[in-house]
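There are structures below to look over.
In the two complexes below, chain A is the common chain; its partner is chain B in one and chain C in the other.
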Partner chain A sequence: MMVLDLKAYLVLGAVLFALGMIAFISRRNMITMFLGAELMLQGVAINFLAFSRFRGNLQGQSFVLFILSVAACEAAIAMALIVILYRAKRSLDVSKWQDLREEDLEPNEDLEIMAIDDNQIQPMPILPVAGRRPVKEGDASHV
Partner chain B sequence: MIPLMPLVGGLITFLIGPKVLRSQAHLPCILAGVASFAISIVALLEVSKAAFAANPELSNPASVSITYFEWFRSGDPNLVGDHLRKVGSLKAEFSLRLDPLSSAMAVMVTFLGTLIAVFATGYMRDHHSKVEAGYSRFFACVSLFIGSMLMLVLADNVLVLYAGWEGVGLCSYLLIGFWFEKTSASLAARKAFLVTRLGDIALFIGLALLWISSGYRLDFDGLLNLKNYDSSVGLACFLLFIGACGKSAQFPLHVWLPDAMEGPTPVSALIHAATMVTAGVYLLARFMPLFATVPDVQMVVVGIGTFTSLLAALIALTQTDLKRILAYSTVSQLGYMFMALGSGIKMESALPMLAISAAMFHLLTHAFFKGLLFLSAGSVMHAMHHVIDLRRIGGLRKVLPVTHLAFLFGALALAGIPPFAGFWSKDEILSVVHEASKSSNYPEYYIFMWAVGIYVAFLTSFYTFRAYLLAFWGDCKLPEEVHGAAHESPISMTLPLMIISIFAVGIGFALSNLTPFSIEGFLSKMPGYVVQVEHHHDWLTVGFATGAGVVGLFLAIAFYGKGGTLSEQTPLKANFAIELSKNKFFFDEIYNKVIVTPLNVTFVIAKVFDQYILDGIVDLIAHFPKMIAQLFRPIQNGLVQFYALAMVLAVTVFLIALARSM
Partner chain C sequence: MNNESWIYLTNLSLLFGLTNLSLLLGWLSIYVALPKRGSIGSSNFLCYGFGFISLLIAGAQVFREYSFNPELVLFCIFSFFSIVGATLLVVSKNPARGALAFALTISSTGGIFLLLAAPFVMAANIIVYAGAIVVTFLFLLMLVKQHHADLADTECREPFLASLAGFALMATIVSILTAAFPSNSLTVNRGEVERVLSETKVALDISNLSELKVKVINGDSYVVSRLKNAFGGSGYWVERIEVEVQKNGTVLLNKSENIDEIKSALNLMLDIGTEYLKNKALLRPEGPVASNAGADPSLPLAKIRKDKTGRPAMPADNTSFLGKLLFSDQLLAVELVGLLLLVATIGAIVIVRKLPTKVSL
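Presenting the complex of A and B:
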């Protein structure tokens, strides 16, 4: 069995980190960006594990446990935020959110995206509260 | 206790007056006034009992000073007594003093103040007993006014005195500007405040000088003891005199008082008779031991006093506003008091005592008859719907019989016709001036002042009776505002008139040297003064002054007695002089040109400098960081990816730098 040395693990971590970074910077889809961020996190975690393994103590491994749980919480919150943002603009495109720029600057517009007519976007389905019978189309009232 | 009552009364009126008391807002004021009057009477009796018990062993038999609490102090709190003085620390106590001078003043102030407040309950209503707006504000101010004045006269150290002094100034401002919606009233209030303020500044500097040169003493006993001084007190005395000039409306600073007529008439009576203007006289009388040592300053005092009395009398000759005539006569009479005070030279002679007693005597009699005159003028005003122009009213003696008699008594007293009050006190003053001419180094100066004083006595009686005859004799003339339905004022106004009338008639004789209640005998119990034992009456002065008064009276009757019309052809031929007098010697105009205009120019320059130069520099400095920030603004484009990229690049740069440095 081939024994891999430390360098190989570190390279793997670095590659993961770099890929995540590239994904975060180059993609406009918010979910993809979030996945990129997760990837960077895991790249760092592999670094921890590798050093922990080769130095022979457990501090790095216990750190990684924390990283994993924090990443899970983070994912829950991030997904909730993304859902809210999507509801507001009907789009996952992060470039739709440029409100924090200086007042007198023009927004950085992507013509392709701007060409989509907002009126053509399908309305969101209204989900019933859990445990209730879904209301059929054309019924008098819905919740 | 005495000043506390009106102060508390004023406070109560302020707090609950507008809501709870409404038309009964005068109650706290009057009750407090009556109470403190009663206490002052008791105090006066105590003091006189102590004074006339005449125990020669006691150095200070008739003077009690009470320290209530420590007011404030600065410097090391552990130092006491003489050490305190050496390091110049300040320890101010709230202490009051009761001696003949202050108790006499206190009785006068509370008595007149209370009567004037009673009068005002009638005056501040319209003819249907409906109270004016601000009724409770009025009585709160009156109450505070009386309280401050009492604090002033009863103070035992200069800080309490100064606090009372400022309190009086503030209340006078509030009361003169009582009808603040009237432009002239608010302007007059501001003028009064600013002009007296000039004097106040001088007073404050003077007091500070005294404090320093007496070895950091504040109480009167220490301040008035000449042994405590190592240098001359001339400058400090002069500054005190300027302060007194401001409050008592003497020559350079007299311009505020006639304008103060814009306030309600009871306020005029209060300011002119009982309180404010007498503060200056009281101050000089209190500091007489110091003034007596600086004859040069005293010469200024007597000169200013005489000049003011002459000037004001000349102005009063041609005024047509009843209240203004009275105002100028007040200025003139105050000039008399300063004349008397200025004659107190040479501490080792009896002159200072004579000067104080003459000035205080005139102050008291003047308080009564001028209060009487003002209240009757107020009664006229009330009946005439605020018209007091002598060209529009006349022959009121049938319409207002009580007011007419009261005014007549006041006028006789003011003119110095025997046996009314003014006769006794005016003669006393002129005798003192005459007396001073004998011991002064400049006898001609004092003789000249004496002669002018007698001439002013003549003018006084002339203008007083001119006003009286024009207002009350001749054909009955009523202004249109009255609609022909003038009637006598309500009882709350006529009763004080009658009471004060009795005093105005009798107080002169009662306090003169011929009776055991002599004010001179009373005041002479104050420590440190030489007392003249036997009295010799200066018949020459008495004769001249009375003669002048009577001549003025008959001359006025001759000119104005028959028709009682104030024609434009005034008997005097010299038109220039009349114009001068009518326009009050152009003092207001001169002050406007000389003081107000340059100040205005300065204001404009200062405004331009501030707005364009100072603000410009500040704005320039503020623009600088703004311009730098402008460079970085495009970076903030709101794109998340752009921020992330910037972050990555920055971290990379830092890492590379870190790696290279290792």
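Presenting the complex of A and C:
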């Protein structure tokens, strides 16, 4: 019998990494795919911290801080990309972008999802300019 | 369940090993639970059952392998919730629920980070992930609100192959780790060291040469080899015994007939053993440490100061040492990460800059 060792933490990291990988390669919603990628980063962070703990050394922890910063950048860029992709196709489905595939690759079986249902398209919400109250018809002028 | 199928299951578990059985059940549970074409959710109980049996088997393995202490219980609780959160993220049909399950995973991994002596990283992780990323994506979900169930959420690409690939990766890593850590290679046997030292101390009072030899030198009771084994068989402390006590093989205690030589050698051994025990109880490393980052990476494992569980000890001032490390050794990397954040901010603004009032496809 022994105290908890490196192996237990590495196994946990591997489990989180593999689950994140499943989310990334099999889900079609872009947001779920992104969260799956973040889950893989968590698994890697646990690995770094475990090695750092069982080496008595802080280098691994500083590496995790860099992973965190890169994940924050990635989240900002991913959010911007998802917004413009949604704007173009009105869907979070990543399969609708299969026309970006290489020339010699077969298309996905779900060709019907490529058709965009125009009835479902609604304009993005328009936010008022900051500091000014949007004027509504019949609104009492109480300000 | 009848008797025969029980026997079959037992044979199956013996064939695969309990770890692989747990992985197999986990794979089945994920495969059943992944949203597929035509599945309405009638298989929920099946996948919950498989998942919980799989986690139970894994937990039983952990409890069988490690000694029972609070750290083990906390580890099991935190890893249970992080794995459950991750699974819910993988199988959720509603991306908002997936994001909340991800927040559960993040908070539980925060507990794991604390167990790994990383309080600052835990705080930063929870603030950045649960506080910023998950909330940002919930906002994003609100902005791109879908009015009907989307195919993207209710169908997976290749659920069988994807889950098989994921669990093949998991099984590979787990079996490699199981092969790489067969025994308690990191645990130092503190009790054995203390026992050897006290026996040696008692034996030093004996003035009869043959009696002394029978007591601590001959055969299985040979204290020097016992102490070397207790130090882990190799490394810094064993080398010290070989150089200082055995003088690189020139002093052989079990052949020596001079009681004074034997006693001075045993005294030297006592000193080294006492220093070893004292060294393990130190709060801070002795001597210069590279940039306050804890043990020098080039040190062999046996030279690293250990805490009382026998694992290498972290620096006592964890967070402040981390800060010193970041702003001395890794200053350039910190600056570059700052630059990266700035570039990412500008890039995100540029990408979504023009907000069209009318959709043009």
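The definition used in the following text is that the second predicted complex is superposed on the first by the 117 of 143 C-alpha atoms of A that agree within 3 Å, B and C clash if a C-alpha of one lies under 4 Å from a C-alpha of the other, contacts with A are read in each partner's own complex, and residues count from 1 in each chain.
FYI, contacts are C-beta pairs under 8 Å (C-beta built on N, C-alpha and C of every residue); 3 or more make two chains touch, one makes a residue touch a chain.
Being a predicted model, the structure only gives us computed values, none of them experimental.
Student: Tell me the contact category for A:L12 with respect to chain B and chain C: first, second, both or neither.
Tutor: second
Student: Once the structures are superposed on A, label A:E102 by its partner contacts, choosing first (chain B), second (chain C), both or neither.
Tutor: After superposition on chain A, A:E102 lies in contact with chain B alone.
Student: After superposition on the shared chain, which partner residues are touched by A:L4: those of chain B (first), chain C (second), both, or neither?
Tutor: Only chain C; A:L4 stays clear of chain B.
Student: Decide which partner touches more residues of chain A, taking chain B and chain C as the two options.
Tutor: The larger set of chain A residues in touch belongs to C.
Student: Based on the superposed arrangement, let me know which partner A:Y86 touches: chain B (first), chain C (second), both, or neither?
Tutor: Once the two structures are laid over each other on A, A:Y86 reaches chain C alone.
Student: In the overlay, answer first, second, both or neither for which of chain B and chain C A:I25 touches.
Tutor: In the superposition, A:I25 contacts both chain B and chain C.
Student: Enumerate the residues of chain A that count as touching chain B in its complex and touching chain C in the other.
Tutor: After superposing on chain A, chain A residues 21, 25-26, 28, 94-95, 108 contact both chain B and chain C.
Student: Tell me, which parts of chain C touch chain A in their complex?
Tutor: Listed in rising order, the residues of chain C that touch chain A are 30, 34, 62, 65-67, 69, 71-72, 75, 79, 82-83, 86-87, 89-90, 92, 95, 98-99, 102, 105-106, 109, 112-113, 115-118, 120-121, 124-125, 128-129, 132-133, 136-137, 140-141, 143-144, 146-148, 150-153, 155-159, 162-163, 165-167, 169-170, 173-174, 177-178, 180-181, 184, 186-187, 292-295, 297, 304-306, 309-315, 318, 321-322, 325-326, 330, 333, 337, 340-341, 343-345, 347-349, 351-352, 355-359, 361.
Student: Per the contact definition, I'd like the list of chain A residues that touch chain C in the complex.
Tutor: Within the complex, chain A contacts chain C at residues 1-12, 14-23, 25-32, 34-36, 38-39, 42, 45-46, 49-50, 52-59, 61-62, 64-66, 68-77, 79-84, 86-88, 90-95, 108, 110, 113, 116, 120-126.
Student: In the complex formed with chain B, which residues of chain A make contact?
Tutor: Per the stated touch rule, the residues are 21, 24-26, 28, 33, 94-95, 97-102, 104-105, 107-108.
Student: Which of the residues in chain B end up touching chain A in this complex?
Tutor: That would be residues 633-634, 636-641, 644-645, 648 of chain B.
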